[in-house]
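Listed below are the structures to be examined.
Below, chain A partners chain B and then partners chain C, in two separate complexes.
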Partner chain A sequence: MSVVTVQLGQCGNQVGHELFDVICSDALEDQRKGYSTASCERFFHQTAHGELVARAVLVDMEPKVINQTICRSAKSGRWRYGETSHFSQKQGCGNNWAHGFCVHGPRHRDVVEELVRREVERCDRLAGLMAMMSVAGGTGSGVGAYITRYLRDVYPKSFILNHLTWPYGTGEVIVQNYNSVLTLAHLYHHSDAILVHENDTVHRICSQLLNIKHISFTDVNRVIAHQLGSILQPALTTDSNGIYSRNPLGELVGSLACHPEYKLLSVSTIPQMPSSSIAYSTFSWPGLLKHLRQMLISNSKMEECIDWQVQLPSASERTRTLLGSSFNTSLANLLILRGKDVYSAETGSFEDPALYSSWLSPEEAFNVWKSPVIFNKYEKSATLVSNSKALLRPLDNMLGKAWNMFASRAYIHQYVKFGISEEDFLDSFTFLEQVISSYNQL
Partner chain B sequence: MQQSKAAVSVEVKQVIASLCKMLSAVGLEEVPAPETFRRAKFGAGPEEDQFWKLLSNILQTAGIVSCEAQAQFGGEHCKLVAAGLWQTGYYADWMFIKEGGGGGGGEERRCSSRELLLALGWLIAEGTLEKLVSQRVKKLDRTLFTPMPVNSQFPTRPQIDSSSLRKLQWLVGSLRHQNRILLSMQEERTHLLHAVFLASLSYPESSFEQTSAVLKEDCVCMRGLCELLESYLNWKQVEKVFWTWMGSVLDCHLTDPVVVEKAPHTLRGSAKVCHHGNRGLEKMENMLQRLPTRQKGQGRYRAFAEDRGGAEALQAGSDTSSLPHLLPSLSTLHTFPQVYRARLQTIVLVKHSSRPTDGPCGGAETTDELPASQATQLLLQMEALLLQRRDTQRLANRMQMQEVVSRQEDLVLIPP
Partner chain C sequence: MTQSVVVQVGQCGNQVGCRFWDLALREHAHVNKKGVYDEALSSFFRNVDLRRNDGGSCGVGGKIENLKARAVLVDMEEGVVNEILQGPLREVFDSTQFLTDVSGSGNNWAVGHMTYGSAYREQIVDKLRKTAEHCDCLQCFFLIHSMGGGTGSGLGTRVLSMLEEEFPEVCRIVTSIYPSAEDDVITSPYNSILAMKELTEHADCVLPIENQALVHIVNKIKHMSHCGKPGSVIKTDTTVMSGQGGLSRAEKPFDTMNNIVANLLLNITSSARFEGSLNMDLNEIAMNLVPFPRMHYLVPSLTPLYTLADVSVPPRRLDQMFSDAFSKDHQLIRADPKHSLYLACALMVRGNVQVSDLRRNIERLKPSLPFVSWNQEGWKTSLCSVPPVGHSHSLLALANNTCVKPTFIGLRERFTKLYRKKAHLHHYLHVDGMEQSYFTEAVSCLNSLIEEYDHLDATKGRLMPDAPRFSIAR
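After this line comes the complex of A and B, so read on.
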């Protein structure tokens, strides 16, 4: 069972590279054959000389990042990208979603599809496709949304997971909110689940938890890759009977995103610390899980700023105050535990019905995966993938800012000239408003 | 013209051959040869036994006739077949003659192989074939997943509120995902099977045989399965020809009824004449007793005939041959099942208008529609008539019984 990754745009390619790096080093480090075989089969194929080649397709409209990425992977000596599994053009999208979606996407559709098809045919069995992109720029978001739609048509039975990197709130690109709104609204129709990392959050993790002084994109991407890797590496699910799960994306989507209106997944991992401190730290499962649970209900993505005041609402409170409480209701949660003594970890605290919506019981809403293998040097590590209200606020902010710009018709002509009309904008706004209202009702 | 006819007959033969092939692939024993089918179309002959066996085989294998019933009937194919056909909703005259006839004169009441052929057609049209195929597939494909009965408790009256709706949407989504996971598992299984197959090819034959008896057994099953599915596919492609031919058999049956005890071709074109001689009256009494059930069977039979596009005048033909003395009022009874079903009525109207001289039924079909009030009246009349007949019959039966009893009383039993 293999996953084919499609890396789109600058961000997608860089995060993708870090992800493969983490997965490869983790898989090769471990001595247990079953784990590393499963991991390698999932993300790499082996050449006749025994080299590991990533099951990935690299797409960008500018050649620079792809060339860098390919070079760096080749230099690592442990794995590399396929020699012909990348596609780039000379001219980018200029941070214009419409340019990517309406021009570059359709124009290069067939080439990209051919590259993906080749990778898919190399798999004994395809577990699904993972598209990685940012939502702010033009290539990742515009071409990415188009390619996702197209892949959905070509592989109707496969699982498609989109990994999105949300931009800094303060702004990298003036039209990032437009691009984000359009991307999200389009992906929501075609993707099975949308896994989100916010740059702001990851940046804070880098500065506060990892104590990095001058934070580069590589640092940010490494954190994202660590969290993603801990989700995607082999694990034992409840019904896998001691064998590593064969269908990671299917199980992930099936346990978290069955409802068509709720597809946004957020991730939090614990512990995260500078690699120099890891050796001097000890963790206990009850402690880690207690923190993680409080992070979930108080909606904090970091151990450092957990609000311990937030409590589970009682039944009566729940009916009274639907909005405004700081309590973060979940629709579904997936807890992934990796490391020593994992079977002794007690996860009952996540099965409290008060954590979840009234219409889904904890048995359906909560799942645990476990793996006794130490992940990325952390003796014990817990990751929580949550389909909850956590992303409601950033999404609402993004939508609000985009709406304000749209109300004054700022930059709209840049989109109209490539074929995205004001109606398309309005459709996307309406759709995301619906998503927000659905999450609000949890 | 001659040539095309010959071509058609060759085609029919092939089609019947494919049917036979499938019947044997399904696991039935003693399937008649295609030629036997052709001869059966023309009535009496030595083919009957084969058809009796085939029909009883089908009915038993499909589970229409239970094992107990089988044991009860012993070796008598005829009774078993009649009972089985009756359960599938088939009606034909011969079934009742047998039943009513009792022990004596069995030879006289034999039915022609054409009738049995028609019965076979009915069974096929009824979907028995599909039942047999799926049964066989279940037996051959051991990896087939038989769904476990899930005892899910649903509220008797579904609640229509937003949270139930959301829950429902979630469950539907979950099902969809599981379906996809299952599909991909199936793909993987195919991959692995292929790998096993390739590996088995590379081994020398003898070691393969020794090491994997199970695999070999599986292989035989798989081959059987492939054969079965292929023959079913073939049959499905040419089925139409078979039904056209079956239509001609039915035509043949209606215009040219075979009477086993007499020479088969002497009655050509005499559908309206009672050819049962003195037995006509007795038969009519018999029929009257069974009238309510008979209507049901006939209704279905008619639908069957229409489905297959053959033999328009089924009703007229069979009625005139079997019930020549029915009163006009009774004949209207036969149009009643159609009154409730607009489709049937129009078809029947067309049918009759194309053959206006057929049978006593033709007279009743003078208007296009029957008003409800009139229909009620007619039905009431009919009821009165039937009740009257029932009473008469009861009386007659009672008299007969008394007579028998009185005769019994005269007997003196002498102990040995």
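After this line comes the complex of A and C, so read on.
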């Protein structure tokens, strides 16, 4: 089954490019034919000359990033984008979500839909759509939210996954919190699952785990691509009987209990280190999983920052409200293990009922996928996708800052100009407060 | 790629504009060694093959034939424009781009705005449309004018509303030269206040510049070059010093001052003209820096201005540049942003500077800069990889800051002094279409603008509680 990716705006296109690059080199690296074939079928189609062409549509409102992205993929020599699978205009949305959502989205939806349909028709079987974008700018966020809604109408039965890059706290776009609030509130209605990477967190991984001195967006995007790739590459599910899972997006959504109010997924991967050190390091599954579990319950995205003090709440505490406690309750978790001796890895510690809300049994709340194939040079690698309270604090911060700005009605006229009213803002605020409150109940 | 059009009105507007075109050509010549008409050039210049009869422009990628500025030049007298036509920049403009009359507006806003505005309306709109038609994707108009005279201030602001009517979707950024307190033009307070109302109501962004601040900067530069301490040598080939290396040789009185303004324009457009790892589109300026529609006055500051760095710059110097951008001496109006209140701030950096340099300096400076409570993280940044000629890097800061208020208050005082005596008023009221109400409305418009800044200033230093959030009932 195949996934069609839609890359939107500068960030979506740049991150998307790195993702295809990682997936392609991983697929071609391995000698096991089943894995390679499954991966290629999932993300690429082959031309008559045997070239790999990404199943992707590139969308931006200005041409520069798309031109660059297409050039870079062609230079790799291993894969490329389709010659006519992109759409750009001459001028970006100027960081204005309303410009993207109300003007460019409706104006260009038919062209974009046509491009997506061509990719979909190329798939023998469609597993679903994945839209990638940042939430802070104008194009990825505004056009992205509009197109996601439109694709939902056109493909009512397909899975739609959104990958979102959340902005740095400071420095690039002043209205980023408004744009983020509007994007999340709109996507929430139409997306099946929303997978989030925060730039600040990934940046810290680059500096503290990968020891990169001058960190560029390419470095950040490689980390995101590595984590995403480890989720999306073929793996064996519990009941797949040794055949690589056929329906990656559906199984992801199903495993993580995505629900109208709970769709925010966070990711952590272990280990991550400078490529020069990988060859000299050995890992044991028990060690990796112990760390990853503590990363989950203490909500740290990096092995280095694990707070070992955080404990599972005892049975008596479970009835008390856990607000303010640093323990991170999960609704559901999906663990993906790749590499050597993967079948010997013992994952029982993730099935402890104390990790989860009481709504699901641990068997329902926890799933494991495994693949014996070494992923992206790491002998062993574990990734946890988590539907938990992990994103509660950043979401709450984002909303709080946007709300403070909104209280002064600052910048609102820029949105009104393109057709987003104060009421639209209020609806988005109310809706996200609801999401926050729901996650708080976990 | 997008294009912009410069509209220069009146003596000051045209003199500043020409310094911009001169320096812009020099900058492109420095970067573009191959003589190819590239996207960077196309943002402000057309490439015209004069052998073709249709006078049409050539596309990007070919050899440079004849570069024509995307500009419209308007003055109601002929002196300045004739000088341009005889000067070294004559090749850059077509006769069709000019519009002149013979007698000037006599330092009278009403003559410029009403008399000439009505008489030349069609012709001006026609020229604007023609220039716009040459653009593939017109993003921005840059209007350059003075506030003190009659043409720039009166007709210039009339042109501004023509732009709004004819091209409502194209961003309007206005560079306005404010008169000094001792300005030669006696009626300059009238003209400025009348023009302010137009700017407040019809511009997307205004970059206010005070001649007094420019004079101060120029004097300081001259002083430093005379008592040249070692290490503070002024390089004569940098763009702040006039003429040298550029197209025009003879130095005119305003040239050095105008070069500073031209540098501001070079830097603000650099991200639109050249590549960079963090581009800022021109329409992102208003989106990020203008929280309320009328409060669109962005105080510019420019570094380096005094110490002109050498090619290899130790890190301390780079950080010094960031500090300087917030000091009083580097503002293009006489103001002290550090002791006023920031609504938002953009840092536009050129040269070999990394995102990490930006982050470090913002972190370092933030504690000393008061920001309005709801925009504590109100920073917008851009990086353009091409530095200005003669420098390794440069920084333009645009501050939406309540420090513009004293300039407006000073202007209002001078206005009131004249207006109380009804001095020269009859010259205005004679003009067809002009009425006393224009004066009263213009002052009350300015009053309410000043009040809006007052309100924000009043929040300064007070600990503002977070707005209470919705509580969700379960």
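What we mean here is this: the second predicted complex is superposed on the first by the 438 of 442 C-alpha atoms of A that agree within 3 Å, B and C clash if a C-alpha of one lies under 4 Å from a C-alpha of the other, contacts with A are read in each partner's own complex, and residues count from 1 in each chain.
The criterion applied here is as follows: a residue touches a chain if its C-beta (ideal position, glycine included) is under 8 Å from a C-beta of that chain, and two chains touch if they have at least 3 such contacts.
These numbers were taken from a predicted model, which means no experiment stands behind them.
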{"item": "Chain B versus chain C as contact partner of A:216, first or second or both or neither", "value": "second"}
{"item": "Touching partner for A:362 - first (chain B), second (chain C), both, neither", "value": "neither"}
{"item": "First (chain B), second (chain C), both or neither touched by A:170", "value": "second"}
{"item": "Touched partner set for A:372, first chain B, second chain C, both or neither", "value": "neither"}
{"item": "Which superposed partner A:250 touches (first chain B, second chain C, both, neither)", "value": "first"}
{"item": "More chain A residues in contact - chain B or chain C", "value": "C"}
{"item": "Partner chain in contact with A:313 - chain B first, chain C second, else both or neither", "value": "neither"}
{"item": "Interface residues of chain A shared between complexes with chain B and chain C", "value": "441"}
{"item": "Chain A partner contacts - residues on chain B that touch it in the complex", "value": "162-164, 166-167, 169-174, 176-178, 180-181, 183-184, 187-188, 191"}
{"item": "Residues on chain A engaged by chain B in the complex (per definition of touch)", "value": "1, 124-127, 157-159, 192, 246-247, 250-251, 253-254, 257-261, 357-360, 364, 441"}
{"item": "Chain A residues within the chain C interface of the complex", "value": "62-64, 90-92, 94-96, 138, 169-175, 214-217, 399-401, 403-411, 413-414, 429-430, 433-434, 436-437, 441"}
{"item": "Contact set on chain C toward chain A in their complex", "value": "1-2, 136-137, 139, 277-279, 281, 283-284, 286-293, 343-344, 354-356, 358-359, 362, 373-375, 377-381, 466-467, 469-472, 474"}
